[in-house]
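The structure appears right after this line, and notes come after that.
Chain IDs A, B, C, D, E and F follow the sequence of writing; residue 1 opens each chain.
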Amino acid sequence: MPDLGKYADAVLSAYAVSIVLLVAIVGLSLWRGARVRADMRAVEERTRRDG
Amino acid sequence: MRALLLRDLRLALRAGGGFGLGLAFFLIVIVLVPFSVGPAAELLGRIAPGVLWLGALLACLLSLDRLLAVDWEDGALDLLATSPLPLEGVLAIKAVAHWITTGLPLVVAAPVFGVLLNLASPGYGVLVLSLLLGTPALSMIGAFGAALTVGIKRGGLLLSLLVLPLYVPILIFGAEAARRGAEGLDPTTPLLMLAGITGVVLALMPFAAGAVLRVNLR
Amino acid sequence: MSLWEYANPVKFLRLSERVLPWLWGLSAVCLVVGLVWGFFFTPDDFRQGSTVKIIYLHVPSALMAINAWFMMLVASLIWIVRRHHVSALAARAAAPVGVVMTLIALFTGAIWGQPMWGTWWAWDPRLTSFLILFLFYLGYIALWEAIEDPDTAADLTSILCLVGTVFAVLSRYAVNFWNQGLHQGASLSLDKEENVADVFYQPLLLCIAGFVLLFFALVLYRTGTEIRVRRTRALIAREGKLA
Amino acid sequence: MELTVTDLAVGRGGVPVLAGVSFALAAGEVLVLRGPNGAGKTTLLRCIAGLQEPMAGQIAGAEDRIAYAAHADGLKSALTVAENLAFWAAVFGQSGIDQAMTAFDLHDLQDRRAGQLSAGQKRRLGLARLVVTDRPVWVLDEPTVSLDAASVALFADAVRAHLAAGGAALIATHIDLGLDAGVLDVAPFRARVDAVRSSDEAFL
Amino acid sequence: MELTVTDLAVGRGGVPVLAGVSFALAAGEVLVLRGPNGAGKTTLLRCIAGLQEPMAGQIAGAEDRIAYAAHADGLKSALTVAENLAFWAAVFGQSGIDQAMTAFDLHDLQDRRAGQLSAGQKRRLGLARLVVTDRPVWVLDEPTVSLDAASVALFADAVRAHLAAGGAALIATHIDLGLDAGVLDVAPFRARVDAVRSSDEAFL
Amino acid sequence: MRALLLRDLRLALRAGGGFGLGLAFFLIVIVLVPFSVGPAAELLGRIAPGVLWLGALLACLLSLDRLLAVDWEDGALDLLATSPLPLEGVLAIKAVAHWITTGLPLVVAAPVFGVLLNLASPGYGVLVLSLLLGTPALSMIGAFGAALTVGIKRGGLLLSLLVLPLYVPILIFGAEAARRGAEGLDPTTPLLMLAGITGVVLALMPFAAGAVLRVNLR
C-alpha cells in the first residue's frame, strides 16, 4: 500500500465509488442479459412446440 | 392492500420510470438556481438549505397529479371504491407508494445536491433528517389534495394551489431546521415541530382524504 | 461484404459472440494493469500530492462519457438515414453505460475538487455543461422507456440525441470557448508543454484503453440483449395473433 | 338474499332523472334495463353500485355484494392481461384467475400488455374481472359494447354460469343478449321535476 | 372520384395485422367492415384515415377527403353542444351547424355542456361532427356504440342522406345498421407473419 | 386557425381558470421563497431577479402538460390531424394560446411580485422587457416538448426533464438581463441574445414540433 498522505480519504473514496459503479453496470448488464436470454429460449420453445 | 401497493410500485417502475423522474426534476431545479441567481459560491451556500427544501417540495408537488388521476380516468377508482378495500386505506396506500417513489429517493439524494449548492458541511445530517421527517407528510397531504381535485380535468395546477398552503408549515420548519444545521446551531425545536406535524397529518389526513374522495365520486 | 450486413441482427449476434470474450478479457487486463500501475507504482505529484492518482479514473471516464454520447449520435444518425434497427438498439444500449461513466467522472471530479480547488463543485462552464449532459442522458433513457412502440421511440430519442449533442460538444470544448473556469484545459493534447509528465502518462493511456474497451464490450453485450428483447417481443406478438 | 329497490329516485348534477323505481332481483335472476339514450340507466346503476347517493327511496341487499362494470374498464395499459386480472383478484381477496381467463378466452393474450389489445379484447378482459370478484350481484352498464358475436356468446355463457352458481345480474343494454331475462323499461319512470326533493328545490 | 385501396398491409406496433386488402368505394356506396375482435378493423381504418403508415400497398383518393370518427369523440366537456359543433365546422371551413343538429336531434341539448350528456347523447354529438366536415368519405369505427334503436335509425338516415349527396362511407361494426351496404369481411386477410416486411421482421 | 385559438382560450377560461392558475403558482413560489431562505430583505433583494425568472419558468413548465395531453386523450388531436389544418399551424396556435394564458399574465404581474421580493427599483422595466422577450420562446419550446411526450400517460415529469435543458439558455440571458437591470448596469447584450434566441425558436420550433407529433400520432 503506497502512502497516500493527507489525501488518503479522497483517493480511496474515488477508487471505491468508481469500482462500485463499474461493477454495478457490468453486473446489471450480465444479469439482465441472462434473464432475457432465458425468456427468449422459453418463447422459442413454445412457438416451436405450437408449430 | 399489499396487492395495491405492489401494483402501484410496479406501474411506477414500468410507466417510464416514476422512480427516477421526481429526482430528475429535483436535480433540474437545483441546476437552474445557479443560472438564475448567479454562481457565487457564498450566496449559493447561504440559500442552499432553503432551495433544497423548496426543490424537494416542488418535485413532490409535480408528481401529485399522477397520484389519483390515472386511476380516475380509466375507471379503476370507481372499481376500487366498490371493492372491499376501505377508501381510506386505498388513499393511505397510494400516499405510501408516492412517498416510496418520490420522497425516499429525494431524501437519499439530497446530500449530493447539497454539494452542488455548496451547503455548509455540518448541515448534511440535519438536512437528511428533516427531509425524512417531512416528506411523508408531503405525500399524505398530496393524497388529500389529489382526492379533492380528482374529478377535474388537468387539475394539476389547481391541485398545487390547494396543496401549497398546507405545505407551508412543513416548509418553514423543515427549512429552518436545515438552515440551523448548516449554521451549526441547534435544530432540535424545528425538528420536533416537524415530527409533530407529520404525526398529526399521518393520523388524520387519510380520513379527511377518504371523505373528500367519497364526495367526489358521487 | 459491406459493413451494413452487420446491421442484420443475426449476423450481428454471431459476430459479437465471437468478439466479446476478447473485448472483456482485454479491457479487464488493461484496467487492472493500468489502475494497479497508477495506484501503486507512480510517484505523487509535487503540487497535487497523492490526489493525482484520481486522474486514472477521472480522465478516462470523462472522456468516455462524452464519447459515448457521440457514439449514440452516430448510431442515431444511422437509424434516421438508413433505418437499421441494430444501430438504434446500440444507441439505446449505450446510454446507461454513458450515465455510469458520467457519474464516475462527476464523483471523482468532485472528490478531486475538494483538495484541489477547495470546493466540491463550481459552476464553471465545463462542469455545468457536463451536468446538463447528464440530464440529457437521463431524459434520453426515460424517453426510451416511456414509449411503447420501438420505432417511434427510436425516432424520438434520435431527435433528442441530436439536441443533446450541443452540450456534449460544450463540455469538451467549453474550456476553449470561455477560458474562465476553474477546470484545466486539455492536458492530453499533443502540445508537449501542457502535457502531463510521462510517469503519469503511460498508465493513464492504459486506463483510457481499458475504459474504451470496457465501453465497447458493454455496448456490444447490451445491444445483444436488446436484440433478444425485440425478438422475444416479436415472437410473442406473432403467437398472440396466430392463436 | 335478494337485491330490493324500493321507490328509488336518482339524479345527475342535482336534477332528478328517474323516480319511483322499484324492483327486486332474486338469486339466479337477470334483469335487463332498457330505455332510450339519456333515460337514466347509467345513473340508476351507479346509484345501486353505491357510487352516488339516491335522492329518495331505499336499496337493500347491495352493501358489499355488488361487482360493478361500466364503460371504463380500469385496465392498466402497462400491465399484462394476467397481471391486471391478478390485481383485481387480490383486491377482492381471491386468488385464482384461471377460471376467468378460460371463461373469456384470454389465455392466448395472457402476456400481452393491456394497452396493446383491441377494443373488444379490452372489453373481454374488463368482463373477466367480474368473475374474479366472486361477488353475487353483477351490475353491468352496456357490457357488450364493441364485442363481436362470438364474444357476446361467451359473455352470455359467463352470465349463465354466474346465475347457476346462485348469482344475479342487472344489465343495462341496447341490444339483445340472448339471455332468458326479465326486462325493466326505465322510460316510464322519468322524473317529473317536482317528483323529488332536489337540492335546488329551495330555488323553485 | 373513388377511394381505392390496393393490396394494403397494415400493422400495429410493428406486427403485421392485415395484408393484401383491396377494395374500391365509389361515390354513393357504403362498405361495412366485419370481422371478429382483434381482426384489425380499427388498424385498417386508422391507416386509411392517414393516422398511421401502411406497411405496404396503396391508398388512392383519400387525401383530404376523409372524415374520421373513432371511439373517442374529441368532445370538450367544458363547451356546450353547439360550441363543440361550431368549432369543428370552423376547422373544416364550414359555417352552418343547423343541419347537423337537426340530423341528430340535438336541438334540445344545444346549450348543455358536453360533459353533462349521457353516453348515447355524446355519441350522437360525435356523429353530428361528420355532417359539418362536409368531407365526401366517412370512415367510421363502430359508430353506433351505446346508441339506442331510435338513434341508430337517425344515424342510418344521416348516412343515406350523405350517400344521396354523392358521399361514401366505410364503416366497421359488429351490429346490423339496416343499410343497404356491401360487406367486406377482414378475417380472411389476416396477415401471415411472413406476408409483409414488418419492422420486427429482422428479429424473427 | 382562428377558431382553434378561440376555442383554446375559451377552454382555458372555462375549465377551472387556466388563466389564473399559472399566475397563482408563480405567486406561491414567490411567497414560499422567503419562508425557505429566510426573510432577510438584503438577501431577498439580491436573489430577486433570479427567483422571479425561475418562478416564471416553473409556472410555465407546470402548465405545459395541459398543452396537448387533453386533446390527445379525448381523441381531438387525431381529428385535428385529419383536418385541413397543417399540424405545424395547430402547434403554433397552441403555443400562442399557452402564451396568452400563462406567459402574458406573468409578464404583467411580475412587477408586483418584484415588490414582494424587494427588487431594486431600476430593475422593473428590464425585468418586464426580458420576460416579454423570453416567455414566447418558453411556450414554443414547451409545445415541442409536449409533442414529444404526447402519447405517454402522465408524461408531465418527463416533459419537464426534456424541456428544462432547452430552457437553460433563455433563463441564463433572461436572469442576467434582469440582474443587470436591478444593479443599474447596461442590460442590452443579454436582451439582444434573448431576442435572438426567441426569434430562432419561433422560426424553427413549429416545424420540429410538427415532425415529432407526426411520428407520435403514427
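By our rule, a residue touches a chain if its C-beta (ideal position, glycine included) is under 8 Å from a C-beta of that chain, and two chains touch if they have at least 3 such contacts.
Please read all numbers here as calculations on a predicted model, not as lab measurements.
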| item | value |
| --- | --- |
| Intersection of the contact lists for chain B and chain D | C |
| Count of contact steps on the shortest path from chain B to chain E | 2 |
| Touching chain A and also chain C, the following chains | none |
| Most extensive contact between chains (C-beta pair count) | B-F |
| Self-contact between copies chain D and chain E, residue sets same or different by half | same |
| Distance from chain F to chain D - Cα centre to Cα centre, in angstrom | 45 |
| Gap in Å, rounded to a whole number, between the CA centres of chain C and chain B | 33 |
| Cα-centroid distance, chain E relative to chain F, in whole angstrom | 37 |
| Whole-Å gap separating chain D and chain E, where each centre is the average of the chain's CA atoms | 28 |
| For chain D, residues that touch 2 or more chains besides their own | 71, 78, 116 |
| Shared interface positions of chain A, touching two or more other chains | none |
| Residues of chain C touching at least two other chains | 132, 135, 138-139, 142-143, 146, 148-149, 231, 235-236, 238-239 |
| Contact pairs between chains, per stated definition | A-C, B-C, B-D, B-F, C-D, C-E, C-F, D-E, E-F |
| Chain F-touching residues of chain E, taken from the complex the two chains share | 49-53, 64, 66-68, 70-76, 78-79, 83, 86-88, 90-93, 129, 133 |
| Chain C-facing residues of chain B, complex | 15-17, 20-21, 24, 27-28, 31, 34, 39, 41, 115-116, 118 |
| Contact footprint of chain D on chain E as seen in their complex | 12-13, 35-40, 42, 71, 116-121, 123-124, 142, 145-151, 174-175 |
| Contact footprint of chain E on chain C as seen in their complex | 8-9, 85, 148-151, 227, 230-231, 233-235, 237-238, 241-242 |
| Residue ranges of chain B touching chain D (in the complex, touch as defined) | 2-4, 7, 10-11, 14-15, 71, 73-85, 217-218 |
